[in-house]
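Below you'll find the structure I mean.
Chain IDs A, B, C, D and E follow the sequence of writing; residue 1 opens each chain.
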Amino acid sequence: MTPALTTSADAAGADARGAAPAVRISHVHKSFGRAGAQTHVLDDITLDVAPGEFVTLLGASGCGKSTLLNLVAGLDRPTRGSIEVPGGRPALMFQEHALFPWLTAGRNIELALKLAGVPRPERRAEAERLLELVRLKGSYGKRVHELSGGMRQRVAMARALAQGSKVLLMDEPFAALDAITRDVLHDEITRIWAERQLSVLFVTHNVREAVRLAQRVVLLSSRPGRVAREWRIDLPQPRRIESAGVADLSIEITEELRGEIRRHGQH
Amino acid sequence: GYGSKAEGTSSGDANSTAAAGSSAAGGKLSADTVKIGYFANLTHGTALVGLQEGLFQKELDGTRIRTQVFNAGPAEIEALNAGSIDIGWIGPSPAINGYTKSDGKSLKIIGGSASGGVKLVVNPDRISSLDDLRGKKIATPQLGNTQDVALLNYLAGKGYKVDASSGAGDVSVVRTDNKVTPDAYKQGSVDGAWVPEPTASKLVTLGAKVLLDEKDVWPDKKFVITNIIVSQKFLREHSDVVEAVLRGSVDTNAFIKANPDKAKADANEAIRKESGNALEPAVLDPAWADIDFLDDPLAGTLQAEADHAVTAGLLKLPRSSSAGAGANLNGIYDLTLLNKVLAAKGQGPVADAGLGTR
Amino acid sequence: MASTDTTPFLDKREAAADTADVGAGLDALDSVSAQRSSLGEVLRQKALPPLIGVLVVIALWQGAYSLHLTSSYKLPSPADVWHSAQDLWYQGTLFSIIWTSVWRGLSGFLLAVVIGTPIGLVVARVRPVRTAIGPVLQGLQSLPSVAWVPAAVIWLGINDSMMYAVILLGAVPSIANGLVAGIDQVPPLFLRAGRTIGATGLAGARHVLIPAALPGYLAGLKQGWAFSWRSLMAAELVASSPDLGLGLGRYLENQREFSDMSGVLLGIVLILFVGIAIELLVFTPVERRVLRNRGLLAAVK
Amino acid sequence: MASTDTTPFLDKREAAADTADVGAGLDALDSVSAQRSSLGEVLRQKALPPLIGVLVVIALWQGAYSLHLTSSYKLPSPADVWHSAQDLWYQGTLFSIIWTSVWRGLSGFLLAVVIGTPIGLVVARVRPVRTAIGPVLQGLQSLPSVAWVPAAVIWLGINDSMMYAVILLGAVPSIANGLVAGIDQVPPLFLRAGRTIGATGLAGARHVLIPAALPGYLAGLKQGWAFSWRSLMAAELVASSPDLGLGLGRYLENQREFSDMSGVLLGIVLILFVGIAIELLVFTPVERRVLRNRGLLAAVK
Amino acid sequence: MTPALTTSADAAGADARGAAPAVRISHVHKSFGRAGAQTHVLDDITLDVAPGEFVTLLGASGCGKSTLLNLVAGLDRPTRGSIEVPGGRPALMFQEHALFPWLTAGRNIELALKLAGVPRPERRAEAERLLELVRLKGSYGKRVHELSGGMRQRVAMARALAQGSKVLLMDEPFAALDAITRDVLHDEITRIWAERQLSVLFVTHNVREAVRLAQRVVLLSSRPGRVAREWRIDLPQPRRIESAGVADLSIEITEELRGEIRRHGQH
């Protein structure tokens, strides 16, 4: 165990000891639709993210992960329960890239920088730096429709990072990336997380990715979404996605996920 | 090249401004400017000729004239109510409406300007005599305007039944804008029209035939077609200016009588300046000849027209004065200034038919 | 920190960031994701605001009148206008006046839709046609209807076909342009998706292009209705004939001719009323359905 | 099978599937993804079609005239209209007539944009305001400008402010409605993305809402321009005064009064010409830029 | 080796022996942008898909996979070279779901059925069946915006299948799915492919997925995209994604991909 890991593992238990968590989700329910035909999507979710903690969310397709992230970002209100983000507006990277098509890749990032209060002269350089970080050096002037799917995801990630927020919510950020690019970005995100002491809530379908990155993996069940199980990952960072430790835990979690899905029936 | 045929001193307003500048040294009346409204139309010949010849400016001395040209009576009444004009030449129907609808507060008729100039012209292929009107379509300029009321009254006198408001009946009364009437006539949508000049003469050039001159249905062959009105506020505050304008008007009518051809040319020139086109002689000559320019407002005919309108149900009395029968136009005239001017010229006074200032 | 959601935190920061009140107002309303509500609630939310709007206008008007801001023949009181309406009511002409115009306007509008839609489709999708007649369509749109009236009368006479010609000349370009604008905004992804599933040619127009362009097309239709209605009023001003009946535009012009300001105001109110009624009865429901079905209504809430 | 692309295969199937020729035409044009082209090419593609359009219209017109389809006072020849234009040219009034109207129309339009945009924003985003005045805006839009003229004249007199009042009453609702329609079509994802990066309140309007709604807003602006221009024409009809100058609407009306058909046609042509010139010089380039930047132009090609 | 595999392996070599391939891509070049500032995306791609063959495409993010699929689908024209699809319009499943937001999930599928000529009375049932196939029974009436990211992908897949085309082009169809759902759909797609004798060109970033599904894996290089290497997979179907055979080949291919990316430099 590295010292860093110990610290954040402590932080993860912070709420029990009274320190303020970075994100506090308590007894959150969420349903959609009108009174008669409601879909209950989230059911009594209670989950804290400690300051500086990296939490990954796993769950079957349609179990409510994106919904939960939207709630935390304040884009929607829980039907019941409360969500607190004391550190201010979290940065959210959407599952769909959500880049503004009327701006170039670089300008999308600069807009986030501007709204985060970065003074004008620094913005351009900072945007270029962020683009290089996501391996898109030279794509500053490209329009959104000129980018490939994976490139859009990476620009969106750069934009999320540009906000300089302490809390980072990411919804399947690496789904459209090839293995190699993804590995590189895993390293980058781990580095940035440690450097900036970010609190991260990260949704993915890739169980190995979840284990590779997280200090804690949370598995949601489906219909309605509940916290099914949590794992604290004590493997030392930097980890490798192919390493045996990651693989073993991944198999365990996948089994659990399979069990969850089986339990909740098909549709 | 561009502008090679532009006029030397340009338009009449520039003229009048220049004139005002040069005579600014002279004595001044109580107002700096007087805003005069009229139509670029032959029935407003007094205004056209008087402005063209500078006869108003002469009387007004240092007071500047600002002109405003309208093409519809209601707009002119609205402008008078808004204070955009002070004095206007206008037909009897809008004057009556403007007066009654404001409960007698907005305007006064201070003089006459023209009589005659209205004819019933018809398509000779379809109507050959006054007895052929049944089932035909006759155009008038507007529901409830002077010509419309005259036609309805005439038809009623001949025993035809026509519903005044819709125009349906033994004879169809089609209300069309004067500008569109020639088009409608050419197209065959109307068989004839009871219209003022120059539309009547225009229709004649298109092959129509004059069936009736409205003069013939009036006693003395006279009926008012154009009045001079003034906003009551202006009349109260600047009666000297109003008087000067009336002097100009009387002079102009005299000028027209003395020099009919010069006056006709002046009027046509004024129309050309205003709208860019002059009337062709075929329209201008008969039309001009049919209009009498006189100072007498022919108050009796105004009352008669109003009564016809009330009979036809096209004129309602203002709510406040709906006491008696007949149109209550009491107080619409204020002819004191006109009579003063006429007296100064050694002419007899004109009558207000009991409709003068109370 | 016992808030039920995150908004308070956000709002504080936002307010600090840009102090404009309007902004804050806009924003506060952004974040409300209203729940579906009961009938009473719906009535209160939908019927009350317009009603209040109307009442406020009438109150201001009456106030201006009572304070004698100007003479009563320039600004009649609401009661005067009401009396004019009563007169029409007792004469039994009120509905026929409204109906004459509404019927003509609506049928002209529908005709314009039928003609304008294919024109819009072709202009939007066929490049040479677009360069050739796109600007002409826009030019036609900015040509006042009255300009057509003499030509229409000469060619067609004073009758209903003249009125329809003027309506069509006003509304068709507007509807076509609306459709063009709507189509221009369709994400190409949908068009490509349509083509891969075999929606090409007319099937593509029907199943993909028009539904995808629907929100913009609807906006065009609304403008087209406005143009139809306005053109009709212009046409009615020019001529009235027993065959044509008395419409609203004619009524307004007659009142104007009589310098009857309360009649003029009644005419304006009636025309407005018809415009608003058509909006509320025809366009608003369609629009809400279209937007809700696409999940775009969130933006309005 | 030596084709350079797959289109022939597809076309055959499509043609079989729906036999409509228009459809096939639409479709064939779908699949052409034109390469950027040289200046000569561009001129040929952009300048030629409108020119051909104009020439065809003139040829048809001359043909109708030469065949004596109708009497010449109903339909003057193109040459007659040309002579009318020459008259204006030699009198040196041509440009001043056009400029008087264009200047007034443009400045009124800009004012309408400045006023209409915030109204549109608020109506689109604030629910109670929308229910309260949304329908009124649409109603106002369908109120013919001429209806305002009496009121505007009485309140403001005959002067430029009356003209501007009439223009604003015509154009502001149209622009506001265009913006509302544009905003309604903005995918909520963009709004949410904007909010998460902190673009809320006015910043949100400026950086997200307006740019996202731009294509629809532009369509609204085009319609707004049409309304401005038409309202101006209506206002010019009412009265002429040396202070107001002679504009196109007035010119047209004067020609009408004289039943001078070639003058009327010249007026129509000039008004059309201005409409088209504004479209080509102002709106088309802006629109193309907006669409191209968003990758929407593919839809047009 | 199963008989099916042998057949399609034969078919894969069919062009060499003169039989018509299902897709013939020959010497295709593609560049974007105006004359001066062109981006060369694809460079001399030659690739055939035999009738009944399952080919997966791998390559770094932005290497031109989606571009190639668009060309095959006839949505764009190659700058040079030719593409032939003798069997008619291929079904394409886009990287972005591309569902029509004005239709419900079910109606989206029915539209494809309708355009494919399925008579009206059968459509509804067929759409329900396809939805069940992608594990979305009961979502017939849901609007696109009411579906989660993974659900949209699945509806899009159902729509692509509804076209009944012999050639199926799929662009990262399973990127937003959890491992378990994906496994189920792997089985389904393999079954359908075998049943309907489809020719499939399938883009993915998941190397294991590529090996799990394909008879042939094609690796594209980046900037410009060229065919870097091909693997014929002779493992018997049905395969399991966790199986050792799949894992071994995946590691080999990943290594190659890594090499490709390294060779072509960063941006």
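Assorted remarks:
What we mean here is this: a residue touches a chain if its C-beta (ideal position, glycine included) is under 8 Å from a C-beta of that chain, and two chains touch if they have at least 3 such contacts.
Because the structure is a prediction, the values reported are computed rather than measured.
Path length between chain A and chain D in the chain contact graph, taken as the least number of steps between touching chains: 1.
In a view that ignores chain B, the other chains are joined by touching into one piece.
Between C-E and B-D, more C-beta contact pairs join the chains of B-D.
Taking the mean of the C-alpha atoms as each chain's centre, chain C and chain E sit 47 Å apart. Rounded to whole angstrom units, the spacing between the C-alpha centres of chain B and chain C is 40.
Distance from the chain A centre to the chain C centre is 45 Å, each centre being the mean of its Cα atoms.
Listed for chain B are residues 74, 78, 81-82, 179, 183, 186, each touching two or more other chains. Touching two or more other chains at once are residues 73-75, 89, 96, 115, 145-146 of chain E.
Multi-chain contact residues of chain C (touching two or more other chains): 10, 17, 31, 74, 150, 154-155, 188, 195, 198, 203, 237, 256, 261, 295.
Across the complex, chain C meets chain D through its residues 10, 14, 17-18, 20, 22-27, 29-31, 34, 45-46, 49-50, 52-53, 74, 118, 121-122, 124-136, 138-148, 150-151, 154-155, 174, 177-178, 181-188, 191, 195, 198, 200-205, 215-216, 218-220, 222-223, 225-226, 229-230, 233-234, 237, 249, 252, 256, 261, 264-265, 267-268, 271-276, 278-280, 283-284, 287, 291, 295-296, 298-301. Residues 71, 73-74, 87, 89-95, 149-150, 153-159, 237-243, 246, 251, 253-260, 263 of chain D are the ones that touch chain B when the two sit in their complex.
Listed in rising order, the residues of chain A touching chain D in the complex are 70, 73-75, 89-92, 94, 96, 98-103, 111-112, 115-116, 143-146, 159, 162-163.
Per the touch definition, chain D reaches chain A in the complex via residues 189-190, 192-193, 195-199, 203, 207-208, 211-212, 214, 290, 293-295. Of all residues in chain A, only 32, 58-66, 95-96, 132, 135-139, 146-151, 154, 171-172, 175-182, 205-207, 254, 257-258, 261, 266-267 touch chain E in the complex they form.
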